[in-house]
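Mind looking over this structure? Questions follow.
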């Protein structure tokens, strides 16, 4: 970046970083999972909502392949954009912004997503689902501790399959908690998780297990 | 998608769609949730690996803010790129390609993406991870011998965090061997363990010691 | 960690939690004295290493068996090497001396190896920190793509699922079996007391063989203590050794050099050890 001046309208010298506020906005948009509102984005970037919305509109046009030339847009950090549309687009869904793959390539993306997918859960996925079902709401870290392996990608698969879902954040650690869904109950043929068979017949002396895991974690 | 003409060098008329093969590649990269290899990407786009790799290299430069002008790159669908770097980057890690937010904006992005953040490793965990990375596949006993302390619980933690995994049993001793995972490569930002800095400069005249350990310890 | 906050006193004793093993402690001591690892002054480092171990014990650190044994192996090697220095300088000829040199070389080699790994671990840590600044795009699949996924085949009854859960919830990696050390407890042996015993037997002027001196020792620890006591007494020049042939009987003779010698004169280091031993006995 050219200037390293601290500007009044940007968080901690965002203007001075490569790409400026616009790039900071893109960085956030590229990795947020849940659509983010203009207000949230403005707050994190420490600029006004009006500035963010202008930037968002600019990015949306730019990704669509329009050359951005408006002078007021230039003022908040735009360069001249490429003329060809990108493979992704910025959409405002239900009041929030998120980057999606461009609809024109839905067939290609769909094939990529389906590639290697099976109609069966792996043993690892089944066991992880079982742990979540009997320990919900539970964090991934906790499930990892119980299973002894990292379960991030398996939990993602289960979420994609609609078997587990986000159940809010743990008040202490702030980590995401997971629980099973009504689709899971449907597939199991039960009305509520209370109907899951008790574990005790299969696992004598399970009572002490909680402490074991808690003690073992670092 | 406008026309559905089948072209020889692209799946189902990708060339004819807005942004061409390049945009199709970007669209796929938007749904990638673990590094995708050039081969996988080439297959889904129905182009050669060479073409995909050229496109990937072009995108990488473009996101970094370099103007792409090479004529052979133009030939496979490039426009002149914007001069300002984007807020995200395309990286080749763990043997595949994936989109990341630009490190310059870690503070801003970090406030949005709380969950993906992992706590730092302890000194003991780091040292154990280093020994496993450089000596893999390796048994816990061997790692213990090098570090001088029992590493069982540390290895368990590293396994839970997905950084190391079971690599089968040693044919002779029968003990479990450990190796690093592709998640480890991702976290290190490298394509393979061959990219780890060489150990030898830190290790003068150690050539004979391996045998000593093997004889004395296992 | 349940450690009290480190007081501002210097030295390693107060920063125990910073070290992750005996090599770590050794490296710390070496760098504290600004010594090159390839030519460390063993005596200096040995003394501090032993002090460090004592400090650990005093703080009531619970040791895992193999951790403790690693410390002991290294402490023993260092002690051996130090003991070798106490002997009169001579040519390195016999098998024990060569074994000592080998032990030293092995210790150095292991230390060098550990140092290298510690260094690359530091580099890895830097890389991990740096890389943690890049966040990968990892977003939920758009609904219309998720809908493309093949319908799940599900054949588990609730009972089968419960059995699966029970299996998954069973700890796989139970805590490493701990071997109790209690049964190994042997009464602490005081080098000073052993020196006193030796002194009493030799003062009359009749030389005795080492074999005779340890004839009533019983436990190995007592033999070792008497041997160490003899080394100390030799250093204090109250005894002299004679050995007719290699591996032959070692004859110990009172030199009478110091009439007023008593075991209280023994070097401070062993005095400390003895004190500590007494405390243990009283507990």
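A, B and C are the chain letters, set down in written order, and residue numbers restart from 1 in every chain.
Operating definition for what follows: a contact is a pair of C-beta atoms (placed from the backbone, for glycine too) under 8 Å apart; a residue touches a chain by one contact, two chains touch by 3 or more.
Only a predicted model underlies this, so the values are computations on that prediction, with no experimental measurement involved.
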| item | value |
| --- | --- |
| Chain ID, smallest distance between chain and overall C-alpha centroids | B |
| Winner on C-beta contact pairs when A-C is weighed against B-C | B-C |
| Longest centre-to-centre distance from chain A, chain (CA-based) | C |
| Chain centre separation (chain A, chain B; CA means) in Å | 20 |
| Whole-Å gap between the CA centroids of chain A and chain C | 49 |
| Inter-chain centre distance, chain B versus chain C - centres from mean C-alpha coordinates, in Å | 40 |
| Contacts with 2+ other chains: residues of chain B | 30-31, 33, 88, 99-102, 109, 113, 116, 153, 156 |
| Multi-partner residues of chain C (at least 2 other chains) | 135-139, 141-142, 145, 173 |
| Sites on chain A touched by chain B in the complex | 11-12, 14, 17-20, 22-33, 36, 40, 44-45, 62, 65, 77, 79-88, 99-102, 104-105, 107-109, 111-113, 115, 141, 144-145, 148-150, 152-153, 156, 174-176, 216-218 |
| Residues of chain A defined as touching chain C within the complex | 30-33, 98, 100-101, 106, 109-110, 113-114, 117-121, 126-128, 130-131, 133-135, 146-148, 156, 159-163, 187-190, 195-199, 202-203, 206, 209, 212-213, 216 |
| Chain A partner contacts - residues on chain C that touch it in the complex | 135-142, 144-146, 148-154, 156, 158-159, 161-173, 175 |
| Residue ranges of chain C touching chain B (in the complex, touch as defined) | 18, 20-24, 64, 66-67, 70, 74, 106, 109-110, 112-125, 127-139, 141-142, 145, 173, 176 |
